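Letters A, B, C and D mark the chains in the order given here, with residues in each chain numbered from 1 onward.
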Amino acid sequence: MLKLLLRRLAMSLPLVFAVVTLTFFLVRLAPGDPAAILAGEAPSPEFLAEIRAEYGLDQPQWRQFLAYLTKAATGDFGTSIYLGRPVFSVIWERFPATVVLTIASMVLASILGTALGVLAARHAGNRLDTVISAGSLLGYSIPGFWIGQLLVILFAVELDWLPASGMTTARVTYTGFAHVLDVGRHLILPAVTLAIFLLTMIARFTRTAMIEALNQDFILVATAKGVSPRRLLWHHAFRNAVVTTVTVIGLEFGAVLSGTVVVEIVFGWPGLGRVFYDAINRRDFPLLTGAFIFSSVVVIAANTVSDLVCAALDPRIRR
Amino acid sequence: MSLTLPRPALWRLPSLPASTVIGIALVAFVVLGTLLAPLIAPANPLALSTDILAPPDAAHPLGTDDLGRDLFSRVLYGGRVSLGIGLFSALIGVTVGVGIGLAAGFFGGAIDEALMRMTEVFQVLPKLLVAVVVVSLLGSSLLNEILVIGLLSWTATARIIRTRVMVLREEEFIAAAAMSGASRTRILLRHILPNVAPYLMASTTLQIAGAIMSESFLSFLGLGDPTYPSWGFLLQQGQLYIDSAWWLTTFPGLALAMTIVGFNLMGDGLGQSRAIGGARR
Amino acid sequence: MTEPLLSVRGLRIAFPTPAGGQAPVVDGVSFDVLPGEIVGIVGESGSGKSLTARAALQLLPPRAAVSGEIGFEGRDVLALSPRDIRALRGTGIAMVFQDPMTSFNPVLRVGEQIGEALDIHRAPPKQAREARVRELLSLVGIPEPERRARAYPHEYSGGMRQRALTAMAMANAPRLLIADEPTTALDVTVQDQILRLMRGLNEASGTAILLITHNIAVVASLCRRVIVMYAGRVVEDGPVEQVLTAPSHPYTQALLQSVPRIDQPAGRLTAIAGQPPDPASPPPGCRFQPRCTQAMGRCTAEEPPLDAVAPGHRARCWLALGQAA
Amino acid sequence: MVANTVSRRGAFGLGAGLAAASGARAADPKRIIGVIEEDPPFMNLAISSGISSSVASAPVYSALTRMDAKGDITGDLAERWDISPDGKTYTFHLREGVTWHDGRPFTSADAQFSLGELNSKLNPYRGALKSIDSIDAPDPRTVVLKLKNPQASLMVSLGNFCGAILPKHLWEGTDPARNPHNKNPIGTGPFKFVSFSPGDRITYAKNENYFIPGKPAFDELIFRIIPDPAARMAAFTRGEIDMVYSSALPATEIPRVRRMRGVDLRFSAVQASSYQAYINIRNAPFDDVRVRRALFHAIDRKFVRDSVFPGLAQEMVGPVPPNSPLYNRALTDYALDPARANALLDEAGKPRGAGGVRFDLRYLFGAADLSARKIGEVMAQNLAAVGIRVVLTPLDRGTLIQRAYVAREFDMVITSFALGPDPDVGVERFYNSNNIFPVQAVNCSPYVNPEVDRLFDEQRVQTDPARRKAIYDRIQEIVWRDVPTFPFCCYSLPGAVRTSFATGVFDTVDAPSREDFAFAAPAGR
């Protein structure tokens, strides 16, 4: 297992390298002087010179690239033009809110998606299967931001059941358990909105994997042993299908993280996703590229974790 | 051991499942509508009128927007943009995917290894965020959107094609062709490519759906091309009116969802496999 | 005469056809297995032999229409409730399947899967269960049972897996072991080991064995009686010595002529010209007549009954029954 | 439908319900909750003009004077002041016993430093202070400003956006751009800064030692940070927010907010803004005044007014907003007359080419500016009819500034501008040739007319209002004849306040100002 972990980490490094390289060349592909792009709004000549020196833009390309890599490797993504603070600290203080949101929606999506997928597989071809399949098809055919806005209108504005935006109530300050409850109430709508896409993906793939697993010989063998249907479903078929489910979660993690951008905007959630929005609107490119590299690393890490979990679940993958 | 009856052949139209037929019908409906836009549209989608934010009525079947423009016409013409982005970026994605898949599957060995590592890199990237960064940096134009969405969406196709090619490579008729002295290129183009065609249809269809969705994501972030308003763009423009002029988001949203559902159903049916683009191993 | 352990009477299994009809793939099959006996069923793939075996444990897919009677120790298996059939599976009748590669759940340890068979019916304490798993593994000749029990199926060789599978089937000391092509996927030397293992188990524990195979040589080496099936019907049955030395049915004769030689890898039977009939539209008269080299007028007109050609030896052939004219 | 929902609830009911549901503490502080659109990079009124920065710093700081609800100047840190008869010496007498939020006493040295070292040097509107010659602090309670020439608009500038007073003891000798108190502001205003959690909220607490006794009435002030307009308005509709500044209240939402119960729209009595485009008059064909006038005849400004700012805007005739006392009512408008526009364009030697197009017009605007985009879409339709093809060019702020103001690669570039309470502050900057710089919000067309320059100088020292008006009338006439800019309309966007929850907010001006917080009070007391 340790060997696998090391190997996965060794495979992740080129990925991170690829991301940083991509970013480096994108900034240079962009029309205009990279210094001007990095310096932002109406820079003074002195500031431009300062930026040029800081990023080594007066140096040959390969040196610039090396310098960029070194900086990125140490978590130095430059200084946010608009906020005038190190990009990494801006990202880091926003990250926890996104972690809360992402984990909540992934837990929700995993549980519900798996349940629906297993249910659909058990009733494959029946009306229940059709309903679940059609529902999940709709789930990933409607843009998340539209779903989110409709949920706000319905549950926050019209029905007044849940808060419309933010992570905590501003009107009163809660502490202790009441604070947890308060965050929970604010979390429901964004987490549900963010979960929909992943949920439908999990349901679809789990269904396919379950149908495949249920058609395997070992299910017949286990049945012949006298194993109960419930145990067949969960202990035998699902133990096999769950590898697919975990793989899907890993592969779609990037989509989920991208989804936080939309969800955090729609629900005023103070997380990392909104840093993207702010950075786009202000064309704060150090912040934008920094947030991008950071997110990519998180996605790569999540993929590694998902691979390791798969290996733990399926002995055939351990090697 | 297995009791399953033989599956129907991939490309037999009369035996398509109902869901696929629904998908094709939806897509046909939408495509026809946008193609015939000049004939159907009651107004020039850009024409202003003093009839501002009018709810749907006989004159404006889907109402008007905040500059008095006819929403029905805008949705029809917006479809051209959305479908165009979908189609062209899917074509780019599928072309790249086929190239890489064919090469990896056919040549195998080190080439396969290298191409698959590259595929893994692209598969793991948070694609929408890459698109956001690229379009922010390079500017929001239709071309940039198509290119970036297309160039990010070939991994699934590459994997499917590679697997198919690897299976096909072992089959007798390929071996026979090789033995009869056909060149590698000829085998690729004449024997293997036609055999992966059904998968291409499915991949393309699914990717059109994905690309339209990605475009709406970019539009939501204000990165859509304002010269060519797509459905995503209309949806984004309407969000401020979401509960005062519901039609501005509802109709573009429905058009978008209907189209994506259609393409997905169609793709699922054509691919005969819901796991297309699926698990890694 | 002893009461039969398994008694199949008029078994009919049909599947729905795409056209909306029913295609009987097993039609009117009857036979007995006595306690402690080893009986073989031979036939080409598609003859219905595997389905017949599966019907004995209610393992057919729900869309299969099953009628007739399968008695096991006096109870009609087909009429058992889900709970009762589960109790019967593994304890009364156990099964070993064709492909040892796919018969184990790949993500569970072998010992765990054998232990599960024990747990379902007896729920022994952990230590007793582990001891019994080791015992079973050594019984089937797996060395280092303790270490092997902790291994995963993919860490086993094919032959070992089939042994382990047999051990799993024997876990609850069943009265009848149905072995469905247990050796097909294995190479010849391993085949031999498995067959010897089966005979040993039969002798040691008195478990009756119903051996399903397309390989008549396997039957010859192991079984006391043999049932020959063709296109969903029993065409001949009787003591092995009689059937194999003096086959009455032309199909059996053809099968015997196509026996693979022991020094060659086992292969499917291809020596008989023609294809088995489509169960949805069987040929008129005898089902074998389109491929039969000795077919005559009556064969196409009327299907022969399964009747005695010698004591304890029956055949379904006008010629063998001496009623060809 | 929305109005009903709101009336069913009421913000108090909501708060009480929440408290009951989740077991809040009994003695919760009285809070007023506002909203801003983005994280403010600075909270320093003296050196930053960004809207979010201005709003976020307004509660913390005070100035010497302030503008009251009627637009009159009253005292703030200064109790009273004298102006010398020649209009060149201003003497401010400061309040007694005012302390900074960190407990140090406020003195005239702080005012001297803030005006002289910070506002005059770093404030984006520092042009309004350029007639100041010297600032003296003869004793701790007195500040004396000496001017090079009389300036009619000085008091407005000091009280509004050029006069925030910062503590000298925390700023002297520091690099103002890097001073940590940009993010942890210390002022003398009604609220003390408490904390800033990025992307979420800024929290302030009541300044117990505020120099106006009994104020502020709220214990705490919170600004939530919600960038998405739809999300912001959902939160306001639901009563999670009590007040929204005009900058954060989308024009499209105003009709809906107007129908909400318990919510008031507050329009500024004295401020107006305009959507105004610079025309690049150095570039052919817009160097030809006939071409520029053709634009005025072709573009339907009434439609812009009614569609982009329904019920909120007035057409602009001339460069000065119609609500200004200096507005020239005698100007005649350019009539909407596409035929006339076509004739002018033909006359200017710009015939239609292939496809009926005479030439392209590069229209630059901020990508996030919805109104500018809508204006562009209207313009594109209008101008297509006279053979001008509009190229809509949305740009991010950095590129916009680079392209339009530095490189001058544009035909028209649009922005919204505050026209200021006095045209000296808000209007002159666009037309005086001494204000041509490669930055935004100055004379960017760039327009050079010695007569206009001279007239601006003349009126500035004019103390007789009637004569000053006469000069301004003349300026307006000339500018309106030369049309170096294209004013689409002027408007006054309201702020919205939940009057069922708080009163006294926005009773003065809608620009962010401390008195909104100083005088805000919970409803019903």
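The rule we apply is simple: a contact is a pair of C-beta atoms (placed from the backbone, for glycine too) under 8 Å apart; a residue touches a chain by one contact, two chains touch by 3 or more.
Since we're looking at a predicted model, the values are computed, not measured.
With steps allowed only between chains in touch, the distance from chain C over to chain D comes to 2. Among the remaining chains, the Cα-based centre furthest from that of chain C is the centre of D. The central chain of the assembly on a C-alpha centroid basis is A.
Per-chain Cα centroids separate chain A from chain B by 22 Å.
Here the CA centre of chain B is 51 Å from the CA centre of chain C.
If you average the Cα atoms of chain A and of chain D, the two centres end up 39 Å apart. A separation of 46 Å divides the Cα centre of chain B from that of chain D. In chain C, the residues that reach two or more other chains under the touch definition are 97, 99, 102. Multi-chain contact residues of chain D (touching two or more other chains) are listed as 1-2, 230, 367-368, 396.
Each of the following residues of chain A touches two or more other chains: 37, 149, 153, 157, 217, 243, 265, 277, 281, 283.
Those residues of chain D whose C-beta lies close enough to touch chain A in the complex are 1-2, 5, 8-9, 14-15, 18-19, 22-25, 28, 31, 33, 38-39, 41-42, 177, 197-201, 222, 224-228, 230-232, 234-235, 237-238, 240-241, 367-368, 396-399, 401-402, 405-406, 438-440.
Residues of chain A that touch chain D in their complex: 32, 36-37, 40-42, 82-84, 90, 93-94, 97, 149, 152-153, 156-158, 160, 163-175, 178, 181-182, 265-268, 270-271, 274-275, 277-278, 281-283. Within the complex, the chain C residues that touch chain A are 57, 59, 82, 86-91, 94-95, 97, 99, 102-108, 113, 116-117, 120-121, 152, 154, 165, 168-169, 171. Here chain B touches chain A in the complex through residues 1-2, 4, 117, 120-121, 123-130, 132-134, 136-139, 209, 213, 216-217, 220-223, 232, 235-236, 239, 242-243, 249, 253, 256-257, 260-261, 264-265, 274-275, 278-281, going by the rule given at the top.
Touching chain B in their complex are the following residues of chain A: 11, 14-15, 18-19, 22-23, 26-27, 29-31, 37, 137-138, 140-143, 145-146, 149-150, 153, 157, 204-205, 207-209, 215, 217, 243-244, 247-248, 251, 254-255, 257-258, 261-262, 265, 276-277, 279-281, 283, 285, 288-289, 292, 295-296, 299-300, 303, 317.
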